[in-house]
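Each chain gets a letter, A, B, C, D and E, in the order it is written, and its residues are counted from 1.
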Amino acid sequence: MSFDWMKIPYSLLTLFIVVNYGFLLNALIQKIGARVGRRHGIPIWQNYVDMIKNYGLRSSITHGVMFYLGPVFRLSGGVGLLLFVPTIYGSYMFSNLSFAGDLILALYFVFFGTLGMALGAGESGHPHAAIGITRGLSQMTAAELPFGLAVFSVALQYQTLSVTEIVAAQQGGILNWTLFTNPLAVTAAMLGFLGSMMRPPFDVVLAPQEIPIGPPTEYHSSYLALMQTNRAIFPVAKIVIYMNLFFGGADDWLTFCFKVFLIYLWSAFVGVVFPRFRVEQSIRWFLVWAVPLGVLSIVVV
Amino acid sequence: MSALYIIAVGLGSAFVLGMLNERQKNLGYVITLAALTVMSAISAQWLIIFAATGAHPIDIFTAGTQPPFAINLRMGVIESALTLLISLTGLLSAIHMGNALVARGRRAMAVLVIAIMALCGIVLTRDIFNLFVFFELIVIATGGMVLLSDDERAVSAGFKYLIVSQFISVLLLIGIIFAYHATGTLNIDGMAEQGASAFALAFFLMFIAVIAELKPFPANGWALDIYESSHPGFSAIFSAATGTAVLFAVDKLLLIGGAEWFPVASGVGIVTFVGANLLALPQTNDRRLLGYSSIAQTGLILTVLGQQDILGQNYLFIAGGLLLAHAVAKAGLYWLSDLVASRQLTAWAALKERPLLVFAFVTFVAMLCGLPPFPGFYAKWELAHALAAEGRMAMLALILFGALLEAGYLFRWFGYLIKRESDEKVVCSATQAIPVFAAVIAGWVLGFVWGELSVTRFGLNNLLLTLPLLFALSFLLIEWAPAWLKNTVAIGGMVAFFVMTYAEYDPLRLIFAVIFLIGGAITLLASYSAHGRRVGFYPAAMLMYAGMIMLIRTTDSFGFFAAWELLTVGSYFLILRGKESEPHALSYILFSLGGAFLILAGFALAASAVPPAPTFSLANLAALTAPVAPWVFVLLAVGFMTKTAAIGVHIWLPGAHAEAETDVSPMVSGILLKAGLYGLFVLLMAMGKQQLFGIELTHALLWIAALTALLGNLMAIFQEDGKRLLAYSSIGQMGYAVFGLALMNHLGWLMALMFVINHYIYKAMLFLSVGGVAKRTGTRDMYKMGGLITLMPLSFIATLIGIIAVSGVPPLSGFGGRWIFYNAIMTSDVRMPMVILFLAGPIAFLYLFRLIYTIFLGQLKDEFRRVKEAPFWIVLPQMIYVALLMIFAVFPGIALRRVDEYLNQFFPEGGLGWSGNEITSAYGYWNPVSIMIIICVIFGVLLAWLMFVDRKAQKVKQFNIVFSAEAPYRPETTHFAWNFFAPYRKALGFLVLPLATMFWGTITGLLHTGADIARRFYTGNGQTYAFHFLLFVIVAYAIRIGF
Amino acid sequence: MAMKPELMKRMVKGPDGLEFEVEPLRDYYCEAPPTVMPAAYIKIVEDLFNWARAESIWILGFGTGCGAIEMRPLMTPRFDAYRYGVQWRPTPRQANLFIISGYLSTKTLKRAIRAYEQMQNPKYVIGLGSCTINGGMYWDSYNTIKRLDDYLPVDLYIAGCMPRPEALLSGFMDLKKLIRAGKGEGANKYVENFDWYKANQKRVIHDWDMPDYNW
Amino acid sequence: MTTLTIMRELHTRLKALFPVGELTEQRPALGFVTVPKEHLRTTLMHLRVKEGFTHLVLLTAVDWLEEGQFQLTYLLSNRPLAIDLGLRVMLPRDAATMESIHDVWPTAATYQRELREMFGIDFPGSPRLHEEFILEGWKDIPPYRRDFDTLKYANESYSQRPGRETHDPATHMKQQLYPNGR
Amino acid sequence: MAHLAMATGFLLILIGAWGALTNRNLLRMIVAFTIADTGVNLVIIAVGYMRGRTAPIIDGAVSAADAVTRIIDPVPQALVLTAIVIGVGVTALMLAYTYRLFEKKRSLDIRDYTDLKG
């Protein structure tokens, strides 16, 4: 097998950009949320500081092998998800490692981190961790469904499972975006998107006031730092998929940043407005409001 | 020696016995045995002559003149066989009843000899009045023999019998005399020449009287009392010999009656068959149940006699097969019942300490149910084909329904025998054992004979000569050996067979062969962990494997069906070995037999359209056309789907798989389910898409499959029992596989195959690891476990790899299945079922996480602090599976590539491209090697980083958790595991209402209620029975002749 | 000293029928003693870390007394402590700062010790209000500790009854200075004087039913 | 009819049935009567069933050290009439045992646990009575008894920070606000 | 004559059947069966009867040569003989049974012998 070794530094560059953008974006979104509450909010670099602090903590404990590996799984999931999808359309540099697989790979790799994290949190032996995981997994099954349906609808629409080809099909003007050529699918997917971002009204998984704080209850110091890094990468990686599938992808980093920000803002926007659902409520909500749209999009495409 | 001597010896010895001194009991007994031996010998001699030479029947004239002026007897091949059966039954019963006979003295012996003589007479005679005389002799002899019993109630039973017999004889005599009046002859052949239409009423009377001797349903209450109360030795005669003789008498009468009376026989027969089986359901008394079963079997044979018009000369093969199987088995069971002290069915559990007796019981039950390789199986096959060929599907349906009922109560009984407890001891003297084992031997010999006959007559296959079956049966002979030895032989045999034959399979079959044989051998490694002799395990397991390998080796419908039945039976025995498996094994065998009957009906229907019947090459299914083809498709598909546990017929699976032994669960789940898939492969390969009432049947299949996947997964997440969870997961996984098949495109099939391979590996692995844990912890309830990761690390690794693979997360092989799935549905135009399958996908995460978390993670409990890793032999196959899974994940091409090419002949379009390590489809691409490398590199780098920054982590113990500044109370209250997905139940719990269980429960409930209501008509009053009889005659008259 | 029944030694029968002893305090809790955690070897790294620790103060959400009510306004728009990198964490594992917010009864002290020990090094303690300093109005109470620094290594006291949120903000600023100066070594101090602290703790907590150090 | 008259009529009715003491009128809607120990239960039941006092507001105790008695107060409430009636029961201090009423009002069990821990009054049969309620590992005499010296206990158990001063709030504030005196 | 005999025979059969079905007493039932048997025998004889012929006894009165035209069909008569014998046998057996039953329960009512049912 001939391997293009230049892929590695290029991918690391993508990773570097996305990590930093993710840190800043998270802080920005948090600040926007704070401003809605008429607060000043955190400094824009606060997430970096927190991460350094967490790496700087001197002691740590471990509950066992899976506990130790959980954050590694988590971050591998985020990094892998990012690298399996081309970030910038038409750019060889930032096509990352997408030669390994297509859209389906990305869709299923989302679960890699989730599963690993769930296992790690599970080994901590903390009941809140287990409760958080049951909530998270339960909600995920419902939230991923409209997204899955929308993805399939889009794949049918363009008759391909390759992300690059899907983006290619949307080039040539904003009206070629899936957003306008297949609005049902996009609506369904964007509703599902809300459920996967761990923001209100779908944040009962973490529920700090109730089961502090769900799966990561026992995680701290460098484990937490890894998870924070993933927190920066994962939403962006996920949004990249949305962007590529539904919003025409990005030709350059500027468009990329702008589109990612807007898509992220959508969940923040909903999040500051709505209170929290219980798990069974959110499951029903997705099944009643989002899934029918997804089904419809598959039927009419 | 002339056949007349049978009569003569009988009469003569009876006279001699009569003249004996009252005290010369032993001499009398010797004379009795001698007489019966001589009668048997004469019959046997004639049978050999006829069978060897194919000579024509011989008429024996009495009084020196020809009929109609004198009585004549006829001895032919059938007569000789039947008289042999009767006299042997008599002889064996006499041996069996030795004590009772000697105690009662010469009169009882004389009556026995007379009874046997009279029964032979019925078979031999060609004179109608002579028939009557023999009948009356039997009545009297029966009346006498009933008194042999120690049961006081036998007296009243005998009296009831006499009452009804009086009515019968009145009808018979009147019929005879008017028939004589009309024809001027008493000779049956003479009457036959003239035809019955001239004296229809008279014939009706004779006919109905003889039929009444068969105890037709519902006019049979009196006979059951005899079955229940008389000496089992006599019940054996009453069931096996009397039934045989009377059936032959009916056959003779049908000679007179001709074709227009066939429907009467059929009608009475089928009503009796179904009705008696139905009434047998609620019985708790073993002998009464056997009585009902006897009546039902005679009803079935009567039905066959009534179908002579379409069966032609084959009816002898069919009726004979059924009759012999019934007679041998029923006699054997009655003799066996004498060894059991109490009369409840559950008391038979006492037998389970005696493997040989259990084997005898199994043989008899298998014969009664028409399972291969016994004569009833060949007969059933022939009968179904003949009925289907003439379009008598309603009759076929009724017969199969009745047979299913019968299997129901017989296997339930067998379940009692194996699984219930009994503190009674079985005392088995030689005289009691001889008849039973004579019957067993006879059963197997008959199986061989019928197999040979089926070869010569129909070009079928003698199952007892097939290598895999012989290999399986040979384990019966080495049951004395220790388990490890047998295990080695089994593994060696399977591997050797694979090595011998692997070149013969096409790529598709090769995959199945590998899973069945090599996969089976790997799962058998786990069996080394068992100690002792493990009696009964290896014959059953090998029977299952034999069935499975025969399934893929066969090319014709008969071989396929036979293999199907064999693997069903073998797996049933395996499943029944589990701890609480009795009800689940029963529902398994019932659903499986129900499915098998559907398959039989399907093949029969197909054979009616694609000659040559009665067996055809499976490839010829493709030649079927419109009106028949969709029905065949439906029958076969539903039949196969009972094995893959499609939704609706899935209720047997969870219990069966969960309750099975640790090393059996992977066999029945990982391997056995594939038999159903293979069936669907074969079906779809040959028949493709079919339409029924405008519905595309593969679309219906898609819906069923999708619902199966969804509901199987949903039900899995609510299980507390780890093995049950896996079992429901299997249902869901099979849904995926069937879905792939039903897509009917290249990638769909490839996906199904991918699931076949994957599901075998990971489900066998998961069942072994969870089974190993359950073995160590002594419970299967997951919430009772927890925190076992450090104690059972290898089992944990297997489970971890397993769940990653099942969930389809890259980089393991489950992802390949998902990837192919998405590519496959891209080309399909059916979209709604996919939506359901989409929903099913993520749900798998829920139960998989629950499985691994509640068992291995979380809090370790007090009592499990010292458990050890699962036994080596259970861990070893798991590790092999881990390796296989890894290899298959990185190089799926080694298995899939050839199949991909092979599938081109069915679906030239839409194959995969294989370039280097990359796999491409028309829509996407997938590079398993790259994926594995990338993920490993990322993971490795991050892990190294974490180990660098977090190198001093303090290992803490399980209660060192932040517990809102409190301390955990006990591990039990800290381990969050029970009702794990409560919110999910709140949201979607309504989807998992046990509708299918309720549906089948209602059906069985209705059957039992109906039977209970019908039972009330059997008041026990002799007059009521007489009234039933008269009513029966009147109704039969009204239906047949009209008012 | 009455041991709680769930902590007593018990004989347990395993699934294989063998009986063995389970001693919860030994089997369920880590008994390792805490160790002094040295600063990073390279000074500049430690300075960076100290800066980060100072700018990222995560408070354990555990209100021990009436002072807890003063901490809520800190999150509101009026005071908005988030501006200063201060936020609340629901689990001690992730928190660095433990604010003993007011009087501390002996019963709560036990929980406070547990929570404190479950935090990761480095960690800081602020005593809020006069009750933590000398008992305050509870000076003669039979059930309230008088001097917090007898039991936990206090980095900073904020006096008052109760101090207002502004005082708390001011306290955070002072704490930041301490940390940045590398003086926030309470955790190591605790370990160094472990026996003294434990003796003090055990003197008032009569039913000591946990391991000496709650990891 | 005013609440006071209702209360008085109630007292009259009670008096006719039970040997209750005089009515202490705290407020128009709050009165107290003393009941002999052995008549408490019947009185409570009567009030609950016949007079509509369905709610047990609280159960508390007073230590009359000088009289050598504990006084239990069962405060009941009649919601529709919005009146409260307290039943006082006097117990000897040296044998402080009282019949449990947790079967009438389950909440009483909690009060009784507290009273046992803080006063050492026994309520035989009350559920979980001897489990620790607020104090953990308490070894001294019950702290709410007035013969328990809390200051002495505090000084013995806790180290006081030196330099502590105590001021009377009134004089102290006066001094603070008007340091020059007035 | 023959018709009358036959009618009588059937009547007897019906009476016997009726009696057997309505009488609860075992002995009465046996009697009823005997009546029915007799009826059957009568019917058989009646079927075999031919007007104007003599009994099928070949002796001086009827020579063997013209027997075919002179005597009635001998077969039914032979049958009747057999039937009578058998009838007697069965009746005897039933009586023996009745005796055994009576010994056991001291009752002749058939309704008392319903231990076995369903």
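One rule holds in what follows: a residue touches a chain if its C-beta (ideal position, glycine included) is under 8 Å from a C-beta of that chain, and two chains touch if they have at least 3 such contacts.
These numbers come from a predicted model, not from an experiment.
J.: For subunit B and subunit E, what is the smallest step count along a path of chains that touch one another?
T.: The distance in steps between these two chains is 1.
J.: Starting from the defined contact criterion, work out which chains touch subunit D and subunit E both, please.
T.: Per touch definition, common to subunit D and subunit E: zero chains.
J.: Let me check something: if the centre of a chain is the mean of its CA atoms, which chain is farthest from subunit C?
T.: E
J.: Comparing centres built from CA atoms, which chain ends up most distant from subunit A?
T.: Greatest centre separation from subunit A goes to chain E.
J.: Going by CA means, which chain is nearest the middle of everything shown?
T.: B
J.: Have a look at A-B versus B-C and report the one with more C-beta pairs in contact.
T.: A-B
J.: How many angstrom between the C-alpha centroids of subunit D and subunit B?
T.: Between these chains, centre-to-centre, one finds 78 Å.
J.: Suppose each chain is reduced to the average of its Cα coordinates; what separation in Å results between subunit C and subunit D?
T.: Centre-to-centre distance between subunit C and subunit D: 36 Å.
J.: For subunit C and subunit E, what's the span in angstrom between their mean Cα positions?
T.: Distance between chain centres, rounded to whole Å: 111 Å.
J.: Using mean CA coordinates as chain centres, what's the subunit A-subunit E distance in Å?
T.: Each chain's C-alpha centroid was found; their separation is 99 Å.
J.: Got the subunit B residues that touch at least 2 other chains?
T.: As it turns out, subunit B has residues touching two or more other chains at 954-956, 958-960, 962.
J.: Could you tell me which residues belong to subunit C and also touch two or more other chains?
T.: Those would be 91, 93, 215.
J.: What are the residue numbers in subunit A that touch two or more other chains?
T.: 55, 59-61, 212, 217-218, 221
J.: Return all touching chain pairs.
T.: Applying the touch rule to all chain pairs gives A-B, A-C, B-C, B-E, C-D.
J.: Report the residues of subunit E in contact with subunit B in the complex, numbered from low to high.
T.: 13, 16-17, 20-21, 24, 26, 29, 33, 36-37, 40, 43-44, 47-48, 75-76, 79, 82-83, 86, 89-90, 93-94, 97-98, 100-101, 104, 110-111, 113-118
J.: For subunit B, which residues are in contact with subunit A within the complex?
T.: Going through subunit B, the ones touching subunit A are 787, 789-790, 800, 803-804, 807-810, 815, 818-819, 822-823, 825-826, 831-832, 834-835, 838-839, 841-843, 845-846, 849, 852-853, 857-859, 916-918, 921, 923-927, 929-931, 934-935, 938-939, 942-943, 946, 949-950, 952-956, 958-964, 974-977, 980-984, 986-988.
J.: Enumerate the contact residues on subunit D facing subunit C in the complex.
T.: Within the complex, subunit D touches subunit C at residues 132, 134-140, 143, 148, 150-151, 153-154, 157-161, 164, 166.
J.: What does subunit C use to touch subunit A in their complex?
T.: 37-40, 48-49, 52-53, 55-56, 58, 61, 76-77, 80, 82-83, 85, 87, 89-91, 93-94, 96, 120-122, 187, 215
J.: Within the complex, which stretch of subunit B touches subunit E?
T.: Going through subunit B, the ones touching subunit E are 129, 133, 136, 139-140, 143-144, 147, 152-153, 155-160, 162-163, 165-167, 169-170, 173-174, 176-178, 180-181, 186, 221, 224-225, 228-229, 283, 288, 1015-1016, 1018-1023, 1026-1027, 1030.
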